Amino acid sequence: MNSQRPNLPTNTTEFIGTAVLDTIGLLIPNIDPALQAHTGYDPRYRSLGVFSSRTGAAGQIMAVDEAVKATNCEILTIELPRDTKGWGGHGNYIVLGSESVSDVRRAIEISLELTNVNAGELYISQAGHLEFAYSARAGAALAQAFDVPYGQPFGFICGSPAAIGLVIADTAVKASHVEIVKYMTPNIGTSHSNEVIIAVTGDASSVKEAVITARETGLQLLNSMGSIAESPTGIPYL
Amino acid sequence: MNSQRPNLPTNTTEFIGTAVLDTIGLLIPNIDPALQAHTGYDPRYRSLGVFSSRTGAAGQIMAVDEAVKATNCEILTIELPRDTKGWGGHGNYIVLGSESVSDVRRAIEISLELTNVNAGELYISQAGHLEFAYSARAGAALAQAFDVPYGQPFGFICGSPAAIGLVIADTAVKASHVEIVKYMTPNIGTSHSNEVIIAVTGDASSVKEAVITARETGLQLLNSMGSIAESPTGIPYL
Amino acid sequence: MNSQRPNLPTNTTEFIGTAVLDTIGLLIPNIDPALQAHTGYDPRYRSLGVFSSRTGAAGQIMAVDEAVKATNCEILTIELPRDTKGWGGHGNYIVLGSESVSDVRRAIEISLELTNVNAGELYISQAGHLEFAYSARAGAALAQAFDVPYGQPFGFICGSPAAIGLVIADTAVKASHVEIVKYMTPNIGTSHSNEVIIAVTGDASSVKEAVITARETGLQLLNSMGSIAESPTGIPYL
């Protein structure tokens, strides 16, 4: 990624940075009132952090989750376009709001940094992809996106083609005592992606074990389809 | 496709095989009750056959249709993600259920074998794709997915970009006395794919003639866009 | 594009031509009544012009808008499949109807010609894309697709990944006194594309200025993601 900082008018918008997976983080210091009215966002938050990626969902939402914990920002929307640059999954589009420009700026900086870390648990082959995530304590973003109770451990298990997703979901919940809080398929809760996804909670070690078990089986299944799955960074965090 | 059988724990899941079009077939011998509750599938069917592809819909549904006829399995879901690996159509995600592990295993084996056969009527160019299917006798999968009456002949005509689909639908129904049982467009019945699709029924020879006529015109139109459409197997079955 | 005119039966369908962005234009002189009933189109219009592209929306809709102004045709449907050949946006599928075969033929010819012109304001990089459009006077197609008042100036601003779209929308409405008539995001009004889109109206020079300002900022932001955005024709019209 050969990222170059653009020369923008500072009164309108600010370029914060880019990250892996075609992720960009931007800042609108003071949203135009006419546009604000169309967005439906709470008008108290005039400063918006705007973040999106072509590929990935849980990793970036977890990155934003940490960013919101560390700053005085609110999540205004988390949307999952059907994207992944030709693969069978989602990208993401997330807007944060704050009364403070500097809080939004910091939140987007953190989100970009952690996106690079979390991308280590995304695995992509020629045939499909897998995405895993684990957080010891879900904040507002994970609670909103995946119905995990605030403050509780969060595990995310996703496989594409969708058949792999269901099988590794089953493997995970058999291997470890966890509770399923979200269940998604091409017709249920996704943007028609070719994925089955579960989010789980429970005690921290059980949730982590469920995710790691799913990863092991998922990589075996995806690699059985004829090409080797790799993460964009090559650095798993689990 | 360089498929390699993974080494999975046998008490949780079973790898059945792969097929063209990034298709994988898996078996869950005894689904976890907590996951089962989220799926909404009939709890009598503890053994699940799980099948999906990145590319293709009618060919694989017809493969599963024959598999269900030949075994004691029920169709639990047929979903059509927006996929095709960057092309304008669907993949598929199909779950079969049975009280018998061996029936599910056999059904997925048949589905994979016939997917390789049926892929001969999928044609892909740089510009778009066409998919055709014909069955002399629709079973449960075709009835559920395309509203064709059970036991009746089934014809499937699909073109992308969508303009080609509508034109070959018109050509087909003019060429042959058939009844349209399903009509799909980007906004109607698809997962926002760039396709127009019709499913038709009627007497067997008329249905087959409709499909073959659509194929002839469709290939001319798609090839007129600048590159030659080819099937992944090169072996048409019609 | 090496387009070759196919040899079709003239009583059923007519190949009009192709254009950039995998666009094809076809004519059904006299739609089959059984198919007509399924489409739900007004049965007075027996001659259909059928137009679609794998990539692009506003440019082609604006092309059709001019075509409908210049001929005696009605717009029967404008649909936006989730396509763009692996990018994060839409393709299009548009059907025109008329009682006159020659009017439909002429409308599709105009639509193809203007698609080649309007594609000059679509910019695609490895990371994402931007689409801009401006018309001094919206006709029926633009009114239907983007809620711009009939006869009024029309501006279209679209960015992908979606974060860029929101930021350039804000930049545009701050730079110029225009009214937002349509606001679209991955979850609002799109087919789950990775885009934020606004359509604006106002006095002609303000609308044009809004679009040009958005283009300048959008190109800087998209190019900051590591590759240079280019239009398929290299000939901007604004």
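Before moving on, here are some points about what is shown:
The chains carry the letters A, B and C, assigned in the order they are written, with residues numbered from 1 in each.
Methods note: contacts are C-beta pairs under 8 Å (C-beta built on N, C-alpha and C of every residue); 3 or more make two chains touch, one makes a residue touch a chain.
For reference, the UniProt names are A, B, C = Microcompartment protein PduB.
Here the structure is a predicted model, which is why all the values come from computation and not from measurement.
Shown here, the protein chains touch in all possible pairs.
Of all residue numbers that take part in the contact between chain B (Microcompartment protein PduB) and chain C (Microcompartment protein PduB), under half occur on both sides, making this a different-residue interface. A separation of 31 Å divides the Cα centre of chain B (Microcompartment protein PduB) from that of chain C (Microcompartment protein PduB). Of all residues in chain B (Microcompartment protein PduB), those touching 2 or more other chains are 82, 86, 191-192, listed in ascending order. Residue ranges of chain C (Microcompartment protein PduB) in contact with chain B (Microcompartment protein PduB), taken from their complex: 1-9, 12-13, 15, 18, 22-26, 28, 31-32, 34-35, 38-39, 48, 50-54, 77, 79-83, 85-86, 91, 93, 95, 191-192.
Interface residues of chain C (Microcompartment protein PduB), counted against chain A (Microcompartment protein PduB) in their complex, comprise 82, 86-88, 127-128, 160-164, 166-167, 169-171, 173-175, 179-180, 183, 185-187, 190-196, 198, 217, 220-221, 223-227.
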